[in-house]
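Next come two complexes built around chain A: one with chain B, the other with chain C.
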Partner chain A sequence: MTIANQAAPAVAVVGGGPAGLAAARTAADLGSPVVLIERLGFLGGMPIIENYAAITPHLEPAEVAMGRMITAVESHPLVEVVLDTEVTSCEGEAGAFTLTLEGGAGGSRKISAGAVVVATGFQHFDPGRETQMYGYYEFPDVIALQDLEAMLKDHHVVRPSNGESPARVCFVQCVGSRDRQIGNEYCSKVCCGIASKEAMEVRQMLPDCEVFIFYIDMRMYGYWENQIYWPAQEQYHVQYVKGVISEVLPKGDRLLVRGEDTTMGRPMEVLMDLVVLSVGMEPSPGTRKMASVLGIEQNKYGFVEAVQPPLDTVSTSRVGVFAAGAALGPADLEDSVSTGAAAASRAVALLRSPVGA
Partner chain B sequence: MRSSPSEPAGAAVAERPRARGAAVKSEAVAGFDDVTYEEKRKLFEEVRSDLRFPDYLYGCYECGICVAVCPSARFYDFSPRRIAQAAARQDVELIYQQMQEDIWECSQCFSCLRCPRGNNPGGIVTIMREVAVNHGLASAKEALEGYSRIIYKIMSTGTQVSPDMLQPDAFPDWGPEVADVSNQLALWRRALPPETLHTTSTGWDVSDRTLIELYLIWLETGALDMIRDVDEGLHMILEEVMEERLEEEGIER
Partner chain C sequence: MPVGGRKQAPVVIEEEMAVVASTISGRTSELPAMWNRMLEPRVLRDYGSGGFARLAALQGGESLEWCYGCGKCVPVCPVDLVGEYGPRKLHRKVQSGVDLLADDDLWLCTTCMNCLRVCPKQVDMIKVMPAARGAAVGAGEVPTELQDVFEKTFRYGNCLGENPRRRHAWTRGAGVPVRVLADQPGPVDVLFYVEDYWSYHPRGQQAAQAFARVLTALGVDFAILGAEEKTVGDSQRLAGEAGLFEALMEDVAATLGRYDFRRIVTPDPHGFNALVKEYPKHGHRYDVLHYTQLLAPLVEQMPFAASLERTVTFHDPCYLGRHNGEYDAPRTLLEAIPGIRLVEMGRCRENGYCCGGGGGGMWLDGFTSNHTAERLSERRVREAAETGADILAVCCPYEVSRFEDAAKSTGNDHLQVRDIVELLDEAMRGHGEG
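On to the complex of A and B.
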C-alpha cells in the first residue's frame, strides 16, 4: 500500500531505530498514515546495527526486544516502510511538505507529508580521537563498548590478540565525553549503565575473570541504581575505582593501564588482558545531514536543537518538523522511545488541529 | 614500580618514596610559620585574581588524569589534582599549606595540560610560586637558596650557567674530561664555530644594548623586586650592579 497518496496527510518518520519505530507506531495507532524512511536495508537502529547483546534493565536480548517493535510497525496497516532510502530535500511547509527520497528500488521519487519526525540517531565516538593514550587502533586488546557487545552476543568473550579468555578486564569511562579538549562537553548518559551491564555479563560468562571500572562519576540515575549499579557491586563484585586511565601501554602480552586511584590518593599501574573504552555518543552523519536538508537548528555539537526546552522536548526550529531519540542528544532507549512517541503525537495533533499550525 | 596481576586494583599501586619530612625540608619549612587566616586569605586572593587564573582552572572532576601523567607525583607526595581541587574549593588553609610545601615539588613540565576539563594545574602552581616569592614565604626562600648564584648570573648577565662555573669538582659525574676542558677553557671555547660563544664568564656574548634593555626590564617590571623578600643581600647587590651600569650609560630612572 502506498500510504503517502492517501487522503489524510502522512507523517514522515526519518530513521528506523528505537525512536523512529516508536514514532511510526504511535502516529499509526492514532490513525495517521505513516511513511518510515530508513537509510539501511533493515529496521532497529543501533541495537541491531551494532549487535547489542542484551538491553537494560532486565538483560533481554536486544534482537528479541527490538524484534517486537519492528514487527508491530511492519505489520501495521497504516505504515509504509521504505528501506535503503534517504531524504534529500524538503519543500513546502507544515501540513504540506514535499520530500524527495533517493535510493531503494524506486530510484528518486517525491512524497507529500504533513509533518516530519527526525529520528536519525547517534554514532559512537571514534576512539581514535581521544586525547589520552589508549591505543584503540594500536592494541587489539583495547576495544570499545560495542565491540564487547558483539562478543557477548556470540557468547564468546576473548582477547582479540590471541583468542584466550581474559583473566582481567577493565572499562575506561567517559571516553570522548565530558571533555573540553575534544569539544564534547556533555555526558553521554548511557555509558555508565552500559559498561556496568556489560561488566555483569562478563562476570556471568567468565566467573573467574576480574572486572574493574575506572570512572569519574558513576551515573546510573533513577532505577538504574538498584537495577544495575547495586547488583554489579553486590552480586557480581565488579570493582569500581574512581580515577580515569591516562594511558595504556603494552607489557609482555598484556596491557598496563595507568591512572590514579583518587580516593586512595595514589597513582596506580595495573595489568589487564582486555581494556574496554566506554565511548560516548555523537550525532550520526545522518542527523547532521537531515538537519541541513530540513533546515533545522543544530546545537554546537551537531545534535538537533529542541527549541523550547524544558517543557517541549521535540519541537525544532521549523514548524511541522519534530525530532526524537538520540538525534536530540545522548539518550537511552527509554528516552528515545518516549520522545519518539511524543514527537509523533505532536505531529498528528498539528495535522488535526482545527486552528492549523 | 610494582604491579601484581592477582591483587585488586587498590593493592596494585605504584610504590613511591615519601619525600616529606625533616630529612628533606629545613626546620623553617617543615614547621612553617602559621599566620592569621586573613593573611592566608590575602595570599589566595592574590593567586585567584591573577590574570591567568581563569584560564588555568575551570572546575575539577577529581579524575586523577593529571596525577597519572605527572612525573613529580611518582616521586613525591605531590598531586596536581590536590592543587586543582584546593583552588576549586577555595580552601584557604590548604592552599597556604601547599604554598609552603607542595608547589616546589612540581617540575613545571605541563604534562597535566591533558586535563579533560582544560585545567592547567602546573600553571596554578606557577602563579602560587610567584605569589610565594613575592611574599617571601619560607618555602620560597628555601627553594631558591641553592640558586642564588644562578639568579645572580641570569639577572646580571642575561645568561644562565656560564662555562667557568663548570669546575671539575662541582660536576664529578661529568667524567674526567671536564678537568682538561676547564684548564684550557678559553681555548676550548674558541674552538666553537659561532663567535658569540667564545666566552667564559657568560654563557654567550651579550651585547651592551641587550644588557641595558634587560636591566631596564628587570627594574621596571618589578622582576628584580620579586626577590627582595627572598634574598635581601642578593637583591642589594643586583640593584647596585644594574644602577651603576645604567648611570654609566647616562640613563636616568
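On to the complex of A and C.
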C-alpha cells in the first residue's frame, strides 16, 4: 500500500534489519503509518545478509526468527516497505520532514514524514585492519565469525584450504575491539557470546573436533553467562584459555597460534586447523552516510550519538530523528529490537503530543 | 656473545626437574620446576578436553572442568599458602595436558572444603579428589606411606596397625567404669564410638578417659564396642579407598545391628561425617552426634569445681565445621568453663584453616613435605600463637598430635594443645594437669 494519502503523518524507518523491523512494527501497531526504507532488495538485515545460522542465545535458526519479524511487518496494513532505496536528503523539521528517496522502481521521489527512525546498523570489523598478524587474507583457514556462521548454516564446517573437517578449531577474541591503535576502544559486546555459541554448534556438528577459545576476559553479560558460557564449557567441553593470540603462523598445512597463557605466565604455541577471528562491530557505511544525510551527531567511532544517555537511549541531536539498534553502537539482537521499539514509540509520541516527546 | 665474528646462540636449559647436591651434607634434593621458572619448558604446546573427559568418566570427577578461572579458591586453599597448589591451578594443569592421576598434586588436597565454599561454579574437590584418587589407587599409583595405612586399616581395622584386642585398653586408666557392650549387653543410651586416635594414641587415650569421666559425672548412660569397634574409615575413603570404606561400613553396620542403643556419639569429625552423610546413602541410618553436640546442651549441669584462668583459642575441625556446619557446640563448651577466656584466630568458623590431616593428609606428611614450605599444622600453630593464647583447644582426634608436633617445631612450646573434653574434665575435677 501507499501511505501518501494517509491523514496522519508517517514515521519513516531507515533500515530493514532487526531494529528497523521492530521500529516499523511498533509504530504501525500504535496506529501510525510507516514507510520502511531498505537499501537492499530484501528485509532482515545482517542476520540474513551474513547468513547467520542460529541466533544467540536460544539457537533458533536466523531465517525463521527474522522471517517472523519480516512477515509481521510486510503484512501490516499501515506499513509500506520500500526496497532497493536509499534516503539522500532530509529537509524540514520534526512533524514535517521531507525525505528524498533514490532507487527502486520509482527512481527519485520525495515523501513526507513526521519523524525518522535510523536503524542502519553495523558492519563486521575487517580483520585486514588488525595490527596483529592474524593473516585473515593470507591464510584460507583463518576466517571470521560470520564466515563460520555461513558454514554452520550449510551444515558443512570445513577447512577452506582443503575442504576437510577440522580436528582443532580455535576462536580468537577481541579482534578489532578494545584497541586504541585501531581506533575501536569499545568492547563489541556480543563476540564472546557469539563465539561461544558457534563453538557449541561446531561441537554439535563435529563431536570429535576440539574447540578452544582464547580470550582476554569473557564478557558474558546477563543471562548469556548461564545460557551460553556455562553450557559451552560444561556440556560441550569447549576449552577456554585465558590469554589472547598475538600472531598466527603457517606450520606445514596447519596454523600455529601464538600467545601468552596469562594464568600460567607462559608462552603458548598451539597448532590449529581452523582459526576463527571474533571480529567486533563498526558502524555500517549506511550508518555513517545516514548520520551525514540527516545531520545527526556521531561519536568518535562513527556510531550515532544518543544525546541524552543513559536514560534516553534513542534521541539524536536532531529533534524528530531517533536512532535504534547497532547504529547506536555495539548491540545484540535483544538490545536492537528493544531500542527499535523505543525509538518507534518515541516517534509516535512526538507526532501525537501537542508539546512534543 | 659474538666470538671472532661467529654468532653463538645462547644455550637455554629446559628441564622439568633438577637435582641439587649439597656440598656440605652431600644430600641431594629435587627441585621441581615450579620453584624456578628458568627450569621449566617455557612454551605450552597444547590444551585439550581429554583430561577432563577422563575425570568425568569417574563418578564425581566431572566438575573440575567447570572452573572458569576466577581464582577465588586459591587464596583460601590451605595448601597454596605453604606451597604451589589450588583447584584453579589444577584445572589449568589438566587442561594443558598434565595427567592428574599420575601427578603429585593428586595427593596434596586435604579435602578441607574451603574451595567449594567460595567456588561460584561449584567445582567440587570433595568429589573430584576421591574419584581421581580411587582411579590412581586402582592403578597402584599410591604414595607408599598412604598405601601402608590402607593395608593396616584393612588388616587391623584401624589406621595405626594396632592390635584390635587392645582397642579399649585406655579404659583402664579412666578412673571410672566403662561398659563394653560385648561383655555387658542390653540397651544403652549413648554408644560412644571411640575411633582410632582416641583408642590408641597416648594423647587421644587421655581425651577418651576424660570423656568417660565427664559422661559419668553427668550421669550419661554410655557404653563402647571395645574390641569389636573398627574405624569408620572416612579419611581412607577420601584418600581414594572407597572399596575399603564400604567393606568397613558393612562390618560396622553389622556390629551396630547387634546392639540396642539410642544414639552414637563420636569424638572424630571424620567418622561423624561418614555416619551422617555416607551411611544413609547405603541404608544405614543412626542418630549421630559429635561429642561436643552431646555435651553442649548439658553445660548447666556440669559440676565445675575449678576456674582454669587460661586464654584459649579454638581450631575448628574442617569436618565438624565446614563439612557439617557445627561451629557453636565447641564454643559453648569452652565458654562454659570457668575462668577461660576464648580468643578467636583470624581464620575461624567458616574459613577456619585446615590442620592438614583431612582426606588422607594425616598419613601423607612425608610426601606432602616435598611440596610445601611447612606443614599446614605449623602454619596454623603460628596463627594460634599470635592470638596470645596459652592453650590451643581442639575437638578432633587428629589434631592434638599434629599441633603438639607443630608447636615444638615452630618454637611455640608454651602453647598447650588440649582437647576441649580435657579442659572440661579438668575444670570439673577441680585440679589441673597442665
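Worth a mention:
Basically, the second predicted complex is superposed on the first by the 353 of 357 C-alpha atoms of A that agree within 3 Å, B and C clash if a C-alpha of one lies under 4 Å from a C-alpha of the other, contacts with A are read in each partner's own complex, and residues count from 1 in each chain.
As a working rule, contacts are C-beta pairs under 8 Å (C-beta built on N, C-alpha and C of every residue); 3 or more make two chains touch, one makes a residue touch a chain.
The structure presented is a predicted model; accordingly, all values stated were derived computationally and were not measured.
Of the two partner chains, neither chain B nor chain C is touched by A:84. By the document's definition of touching, neither partner reaches A:29: not chain B, not chain C. Looking at the shared chain after the overlay, A:269 reaches both chain B and chain C. Touch criterion met: A:241 reaches chain B and chain C at once. Applying the stated contact rule after C-alpha superposition, one finds that A:261 touches each of chain B and chain C. Using the contact criterion defined above for the overlaid structures, shared-chain residue A:334 touches neither chain B nor chain C, since it reaches no partner. For chain A, the partner touching the most residues, choosing from chain B and chain C, is B. Applying the stated contact rule after C-alpha superposition, one finds that A:212 touches each of chain B and chain C. Overlap of the chain B and chain C interfaces on chain A comprises residues 210, 212, 239, 241-242, 261, 264-271. Only residues 1, 3, 5, 8-10, 12-14, 16, 58, 61-65, 67-69, 73-74, 79, 81, 114-118 of chain B touch chain A when the two sit together in their complex.
The touching residues of chain A, when paired with chain C in their complex, are 210, 212, 218, 229-230, 233-234, 237, 239-242, 261, 263-271. By the touch rule above, chain A contacts chain B in their complex via residues 131-132, 167-168, 174, 178-182, 210, 212, 216-217, 239, 241-247, 254, 256, 258-262, 264-271.
Looking at the complex, you find that chain C touches chain A at residues 37, 40, 42-49, 52-53, 65-66, 68-69, 88, 92, 95-96, 121.
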